[in-house]
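One chain, subunit A, links the two complexes that follow: it is found with subunit B in the first and with subunit C in the second.
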Partner chain A sequence: MLGDRRIPDGGEVMAMTETRNRDEIYKTDHVTSIWWIVAAPAVWAVHFLASYLTAAIFCAKFADSDRSAGEVQLAVMAYTVVAIMIIAGVGWSGRRRHRDGHDRSPHDGATAADLRRMIGLSTFLLSLLSAVATIFTALVFYFVGTCH
Partner chain B sequence: MNTDAPGEASDDDRLDVRLDDRAKRLLDAWRTPTGWRYWTAVNNSEVGLWYVVASFTFFLFGGILALLMRIQLALPDNDFLTADQYNQVFTMHGSVMMFLFAVPILEAISILLLPEMLGARDLPFPRLSAYGFWCFVIGGVFVCGSIFFGVAPEGGWFMYPPMTTEYQTGVGVDIWLLGLSFIEVASIAAAVELIVGVMKCRPPGMQLNLIPLYAWYILVVAVMILFAFPPLIAGDLLMELQRSLDWPFFDASRGGDPLLWQHLFWIFGHPEVYIVFLPSIALIAMIVPTFARTPMVGYGWIVLAAVGTGFLSFGLWVHHMFTTGLPAISIGIFSAASQAVAIPTGIQLFCFIATLLIGRVTKSVCLLFTLGGLATFIIGGLTGVMVAVAPFDYQAHDTYFIVGHLHYVLIGGTIFPIVAGVYYYYPAVTGKQLSEKLGRYAFWLMLVGFNVSFFPMHLSGLLGMPRRVYTYPAELGLGTLNLISTVGAFVLAIGFIVFLYDVLRSKKNQPLVPRNLWNAGTLEWLGEVPDKPWGVRSIPIVESRYPLWDQEDFVEDVDAGRFYLPDAEEGLRETLVTSVVDAKPIQCLRVPGPTFLTHFAAIFTGGVFILSTYHWYVAATISGVLAFITILVWLWTGTAPIPEKQEKDVGRGLTLPIYVSGSKAVGWWAMFITMLGDMTAFISLVFGYFFYWTAHDDFPPNGSSGPGWIWPSVAMLTMLLAYLATLAARRWNRQDHAVRFYGAIVCGVVLSIAGGLAVLYGPWTHQMDPTAHVYPAIVWVLAIWTALHVVLGVVMHLYCAARRAAGRMTARCDADIVNVTLYWHFLMLTTAITCLVIAGFPMVAK
Partner chain C sequence: MSFLLIGDLSQSTLDPAGHGAAQIADLFLWMLGGGVLIWLIVVGLAVYSVVVPGGHRPRLTKTLVIGGGAVFPTLVLTSLLCYALAMLPELHRPPPEASLTIDVSGVRWWWRVGYRTGENQRVETANEIRLPVDQPVEFKLTSEDVIHSFWIPALGGKVDMIPGRETRLKLHPNRVGTFRGVCAEYCGTAHAQMAFDVLVMSQADFEQWLRSQKRDASEPSGRAATAGRELFHRKGCGACHTIRGTDAGGRVGPDLTHFDSRLSLGAAIKPNDADNLRRWISRTHDVKPGVQMPAFERLNQDELDSIVAYLEQLN
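Here is the complex of A and B:
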């Protein structure tokens, strides 16, 4: 059926040998955290909420008669710098784990190393998405500078 | 790395396999009750099946309502339905489809299939699933029944005030608010079950990089339910308080604001769209690799898509409110997020297409519905990006363009994949196959009917036809488009009838299908034909994303009981609990069996909501007390029983504890997850408080004294001491200091009662009248919410003391007090936020 899906190469044979004793496979001691995966989107969420609330509260309570929102633009710019820095850090760390060793995607081995790589890959990809979404939010403040 | 195709073994061979003693014991433990006791079953295969059937029944009901609407709109100036009837019909259509079909069906399919996909014997809380199911049935029948008495809600599925608070005085709105809140409780119960199921009940070795994509999606969706439904429950609470007690949350003349409802509703309502879409996409993610005969391309990318969509979907809610006069900046950021969500949504579609391109595709009706669904969804997604652009939305808002858009999304993204899922999983559940020929007829009728019905709606919308009108004059020139839509709707309905016939027709003379009919690679296809109630003969060690494809002699090893828990020596139902990330086995979990308690609990809980609808508060209170007692009995007899031995050999020389507490235990996780949902509802109320402050200059109104700072401070201090007493009780229980333990509990109870009263005494002593203005009303809501949670905290204290006194909790077996302490962490946070907001904020704001 799927026997011809791929021929195992040297690395894979090694990986298979590692897990030859099936009762051993869960005795891996390396634990990596699921929280890494959601870290970058969480930063997007905080940035998004902070930007929205800052704009909503400023426009409702503090905007001048000309309705300009210059202060909000500055604040959101600061939020964005911080958010992108954190997302970049998370993403870099994810990418490093994804590229760990010589293995390639799809990281589908029953080993601690592949688990780590897969979480790294997901972390990295979600950081990219979060960075794009954060920049989307920030661009609105770049283009729209008023509370009208 | 290959196995023989499991489906090649003949049926007779399978049926002739003689059961050894171990298997007989296992079968006895998991045997489904017979006769009238069948309905006491709590096992996922029964409850899941009932759930699916009930959801589909509601779907058919909603579909008939849709046809009634299409008949009414077929011709201009039609009088088939009156305006009132039409309002009830469209409200019920939307509400039934969203609350009684789309969300429940995902829970139904997940309860039915998730344990099989994870090689688990059951989900960790089978009685909770059963309770949720019976709540769903009772609430659903109650809500649907209202239309036969002409009292159904007529405010649309989003129930906007002030129409629903001031202009609709019948019980319809109450039926909607209370009936659906009741069902939302069931949804949250299912979410808890599914989250804990995916995280803790996987087979050994199925670490996070190996779990089926369906499980990833369901994990994301269940977490979304946890954060999306509570804001709606909070909104329901506020609206019901306005309707029954005249607290003016949405009454602008007394400081309230109808827009708060829109925020709370859509913080629920937009994630809701993804809550119903992602599980269907999850089905596709299971179907595509099977028919492409190759593993899914881009596993990591799909995880990105699922998690990313889950997050971004919470940043879109204001795009339903573009025309409410919000500042351009607010509109802009929600518009941007609405565009951004197209990225992860698109990525998963590319993964599916790529998988089909590189695979060797075999034709089937499942794949037809999958592809039809994807194509339809893409059209709906593109019109979605159009309406995410605010200036376009200003034109299209509340027109039939939106009706067209949302049906392309929901029918393409949800219903077609679910039909594909039915064709795919029907053999696994019943042992018989649906007809490919009838399936093709059904597919083409549905696809053509759907497009003929809904595509013209985009045009009629652009021509200016508003939503929710019961008729329109001939001069508008919309007659032809509407007639085409009606014809299409009936063709679509005929397609469903063909499908329904295929599902329901007698298949007595049809042979059983071979095991693993489609030669799929995932664990749910381990099921024998006919299936046995034990779920899986032995719980396997998993080393691959597609173990049936990749692991040698896998099926034989499972069937021979060579993996874990192949026996039930004690005659009890057991499954394995593993660690969250790397799926190391950590516990042999005993799960409860059949019971009537769940029925009583559901009936009495339903009584609280249903009787309150008619303002029969005494009866509702009695029902509430009965529900409370039933649930206590359920907890007392069914949860965290102390086992006769500490450890058990689960096979292959592995010994696991039977009783664990703390973060290793499923009960701890259930409490944690439930409290996250509870906290979300509370934060929604706090959001309301600050929303009023942001939107109104007179909040808090001049001259209002507020609750003062003294009593809230007293409340916070006494509650802090009660909290410390709870921590001490946990510690002294663990150290087996009985006297100190009971002393701490008594202190905790006394201090809690004092704290609960103090939090209420602040607004009481300052004579805050909740009907006079929204400010006292929202303060009272926060105070009462906190006080009720304190009452629950006291009950939990007493429960723990009783458990220890009865010998059902010991120094080592301390799950009760550990879980109660977890509740108290959240209670302390709730109390602190309430006191700081109601006492502190007025001082800052002035």
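Here is the complex of A and C:
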């Protein structure tokens, strides 16, 4: 019976082991990294919601007769600093993954390393976009500054 | 015909006659300029990449794509956003306490207009708004049925009129003239025929007009107009229309107390003259499909002429 099965040689065993290891890396990194892609846009969304909810509640409940909203401006400024710091961290992490090794974009090879780099690049670019969007949201409160 | 009427009145945002409209027109031109600049650079780079033969230097290509495709548009859009946002505080600031306040209510498919002339005092008119030049005016806007949107393009921005809510709009006309206002939110069959005339006049002319609007309707003179008044009441017109100083007190349709002083009829779709008025009364739904007023097709020519004669004396 054993005569029907060929025993792999040393080189084949090493290749199979490498593939298995790569698959393991692929699995864990893929799951981890995919969440990094949405992290920065999620921070932008939370910043947006927090800013407008703060303004809505303040203007409905606490605004003076002159309807100024200086407190809202301060709160939004604080939200913005926190949001930009988180987005910068996420972006920096993505850029580090993107620049891992000597490979150049578009990172479209069918390998775990390319997948990791591609997700890193996506994370980095979405972080830039989220940072701009967060600043655009904050600008509204900086310029308007009233409940009118 | 209605096109000709529209043609007489300015409803262009690019021909501003108010502070708000002037700012919006400026913003439009800056945005147009910024948009054209971005378009030229992005499309120029795309054309360059296709048309110029041979390989392109990678470093230069990267700089042009990132710089022209992302950094430059972002900087332009940020500048335009800051420019636009800087306008908002002044546009939204309420006018001074003693400013003229006008209540406007959207009704399918016409406008109920009320001038607040004192404590609990109000003068009502319809489908026409008169404003003093160089004076800030506050509009308190609401709707009696569906969502409408109040917009006088030559004077300022537009604001939605929402049932059960009061929204407000400040306008500051700075040029005497006659302009056209429209409903800017689709509201049903005759939405496109829901317009109004806006007359910006000197302060003295405005005060004189408002004084005249406070008065009750004048007594008709002449046999036809007197008969017209009788017919107006006998046919039940007063159930829907108000004519102050008479028994007519309906609130379903526009107030007709000073009907003849208005430039147009049917919510600014026809010039206010005898022929159009005859057609409006007898063939209402041909002029404005979907309108709530029934057509009085059974009136004979004499009756129709009498009612028209009466309404033409309500000035």
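In the analysis below, the second predicted complex is superposed on the first by the 116 of 148 C-alpha atoms of A that agree within 3 Å, B and C clash if a C-alpha of one lies under 4 Å from a C-alpha of the other, contacts with A are read in each partner's own complex, and residues count from 1 in each chain.
Convention: contacts are C-beta pairs under 8 Å (C-beta built on N, C-alpha and C of every residue); 3 or more make two chains touch, one makes a residue touch a chain.
Note that the coordinates shown come from a computational prediction; the quantities given were computed from them, not determined experimentally.
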Subunit B versus subunit C as contact partner of A:Tyr52, first or second or both or neither: first
Partner chain in contact with A:Ser122 - subunit B first, subunit C second, else both or neither: first
Partner chain(s) touched by A:Ala112 [first = subunit B, second = subunit C, both, neither]: first
Superposition-derived comparison: subunit B or subunit C, residues of subunit A touched: B
Partner chain in contact with A:Val132 - subunit B first, subunit C second, else both or neither: both
Which superposed partner A:Val144 touches (first subunit B, second subunit C, both, neither): both
Touched partner set for A:Ala69, first subunit B, second subunit C, both or neither: first
Partner chain in contact with A:Lys61 - subunit B first, subunit C second, else both or neither: first
Subunit B and subunit C contact sites that coincide on subunit A, given as residue numbers: 132, 136, 139-140, 143-144, 146, 148
List of subunit A residues in touch with subunit C within their complex: 132, 135-136, 139-140, 142-146, 148
Residues of subunit A that touch subunit B when the two form their complex: 1-3, 5, 8, 19, 22-23, 25-28, 30-34, 37-38, 41-42, 44-45, 48, 51-52, 55-57, 59-61, 69, 72, 105-110, 112, 114-115, 117-119, 121-122, 125-126, 129-130, 132-133, 136-137, 139-141, 143-144, 146-148
Partner subunit A, residues of subunit C touching it in the complex: 74, 78, 81-82, 85-86, 88-89, 92-94
Sites on subunit B touched by subunit A in the complex: 1-3, 5, 204-205, 207-210, 293-295, 298-301, 303-304, 307-308, 311-312, 314-315, 327-330, 332-333, 335-337, 339-340, 343-344, 519, 521, 541-546, 549-550, 578-585, 652-654, 694-695
